[in-house]
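Each of the next two complexes has chain A plus one other chain: chain B in the first, chain C in the second.
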Partner chain A sequence: MQKHWWKVLSVLLIAYSIIAGFLGDVPARDILNESIRNLYFHVSMWFAMITMMTISLVYSIKYLAGYKRPFDNRANLFAEMGLVFSFLGIVTGALWAKFTWGAFWTNDPKLNGTAITILIYLAYFILRGSMDDQDKKARIAAVYNIFAFVLMIVFIGILPRITDSLHPGNGGNPGFNQYDMDSSMRQVFYPAVLGWILFGVWVAGIRYRINTSKERIETWKNDILNQLH
Partner chain B sequence: MEKRYFKSIALIAGLFACLFANAQEATSRPEMADAMRANGKIYVVVTVLLIIFIGIVVYLISIDRKATRLQNELNELKK
Partner chain C sequence: MFAAIFGAMLKEIVALIKKDALLEFRQRYAFFSILLYVVATVYISYLIFISINDARVWNALFWIILVFASINTAGKSFSNESENRFWYYYQIASPQALILAKVIYNTLLIWAISLITYLVYSWFIGNPVQSQWQFLLVLLLGSASFSGILTVVSAIAVRTNNNATLMSILSIPLLLPVVIIVVRASLGAMFGLDFEQNLVYLGALLALNTLVIILGFLLFPYLWRE
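Here is the complex of A and B:
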């Protein structure tokens, strides 16, 4: 149980964000109305996604520093978890946009930027899947991951701030004060973000254990086959 | 094992306690839009969401344990 306290914390924080997210006070805004509460859930997905990609990047760099396989494995699975969050973010965002901006998809720079980012990360998995040599795969994937991360920052962190965007906090000052968010909302939003990040780390950890087990079975199988021949 | 279950039950009970604490606060305040949300049965929705979330978490915990067990079995096989 001592080892798992952060999993409990994750569940508690997300549960808190569900309770307080629906029952707490929110500022009244035109067009947004009660949908302002989506901030607790939709935006959290993106914060969690960016954190997963950052963890993935760190593991890729660690891999390149010593070519230790477990680091590559972790980089892979954290990127996967980040991709899951980004899908959830884009679908919830489309739904929210339909009822506030009037369409599921607009040519907003942030929307197109995230779409490109998702494609870049999909290419990461295609790249991994296309190579059989484990070491070669790991090295190329790690280098590509660094490239992908930089592009993600450009596409969702920089470009939407340079041009005008429908998203709050873009097109000029990206400060948090520009959001339609008051201090009572922050008390729910930040715990929600932390909760989802921990949740992502949890799931990625499970995937890691399954993946390493699978790989070990795979190598044993090959060893046995080699001995037979 | 028993102890662990007790802790998770206590956790869920605590969550619901939070919910009711919130509900009481809402009714003791001067009547505002909050009361409308109470009449609009938003608490039902929140509880449903919590049940779904807790269900997913319980499932995740079982997957977590299965993965650990698989890993342990492989470790023993190696010896």
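Here is the complex of A and C:
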């Protein structure tokens, strides 16, 4: 039970962020109005996504350092989790944009950054699928993961600074302090981010156990078949 | 000590570039096929558009043609090498020298292709660029950035079974930062804006290119051995 406290914490934090996110007080801002509550759900998706991608990057580096298969498996699963969060972020953002900007999609550096991130990671999964040899697949995918992650950070971290954007918190600086947040919102926002990150790690862990169990069942099956023949 | 290692590497790089240039010269059809690809694409664009009055459309079309020509050029940089020849390289060169040589060679090749594309494109579709030297500067820096990214991706794609398709799906998302910077900078050159306004974009291109070369330098050793 001691190992599971953070899973309970994750559920509690998410539940708290949903309840406090809808019922709590928010500062009245022009244009944003009540839609500012979306920050709790939309922006925390991006924080969770970047964290998942970073964990995936770390596992890719670890894989290249020692060629241990479990690291590659985890890198793959965390990239998948990151992609899930990016889709959730796109949906929550698009719904918000429809009511605030009047369109689901606009030509904005942040939106382009998301689209690129999704394309890059979809290409990562296609790259993995295109090779049969497990060790070669792991090695090449790790190299691509590292290369793509760095370029993605350039794209979503640096490019918005030299171009303009409609996005809240922008106007030359995508920095997080520029958000129209006050301390009462931070009390909900940070727990939401932490909750979703823990939730992502949890799901990736479960998927890892499912994957390794499947592989083990395959090898057992093959062993039994070999003995029968 | 450091100078000696660097000198030896420089020698390897020069030798590898010479080797690539010689192979290219012996198999001229590869270079001319890219050239013909560019000319045919420009001509079909000309037949579709006849003349382009909008500077943004002119710019967009030019860069689309150049992106695909670059992907085709750099995509062959490793697939031309047979497996057996790689065994030979393992004996004589370091992986770092090999990737740097390939990046430099591809840069030269893409520079040639992009200058010719620019000429042919201006010939058929017209040239509304107000500041030629700025545009050429953006063209050269942008092509160098294309070459860095595409060479690394080509080294990845050549290891897979489905080289040609993977080359484009892996590289197009990665090229987008460069494309966005380059399109803005070249629009500045087209409207003849002050050079200082473009300086931030050119600086960003240079920084990006350096980053890509460092990454290739670090990652290529993991790619090249079976």
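Definition applied: the second predicted complex is superposed on the first by the 213 of 229 C-alpha atoms of A that agree within 3 Å, B and C clash if a C-alpha of one lies under 4 Å from a C-alpha of the other, contacts with A are read in each partner's own complex, and residues count from 1 in each chain.
To be clear about the criterion, contacts are C-beta pairs under 8 Å (C-beta built on N, C-alpha and C of every residue); 3 or more make two chains touch, one makes a residue touch a chain.
As the structure is a prediction and not an experimental result, all values here were calculated from the model.
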Touched partner set for A:217, first chain B, second chain C, both or neither: first
Which of chain B and chain C A:103 touches, first, second, both or neither: neither
First (chain B), second (chain C), both or neither touched by A:120: second
Chain B versus chain C as contact partner of A:91, first or second or both or neither: neither
Partner chain(s) touched by A:65 [first = chain B, second = chain C, both, neither]: neither
Partner chain(s) touched by A:11 [first = chain B, second = chain C, both, neither]: first
Parts of chain A lying in touch with chain B, wherever the complex brings them together: 1, 7-8, 11-12, 14-16, 18-20, 22-23, 25, 202-203, 206, 209-210, 212-213, 216-217
For the chain C and chain A complex, residues of the former touching the latter: 149, 152-153, 156, 159-162, 166, 169-170, 172-174, 176-177, 180-181, 184, 200-201, 204, 208, 211-212, 215, 219, 222-223, 226
Residue ranges of chain B touching chain A (in the complex, touch as defined): 3-4, 7, 11, 15, 18-19, 22-23, 26, 34, 37, 42-43, 45-46, 49-50, 53-54, 57, 60, 63-64, 67-68, 70-71, 74, 78
Partner chain C, residues of chain A touching it in the complex: 64, 112, 116, 119-120, 123, 126-127, 130-132, 136, 139-140, 142-144, 146-148, 150-151, 154-155, 158-159, 162-163
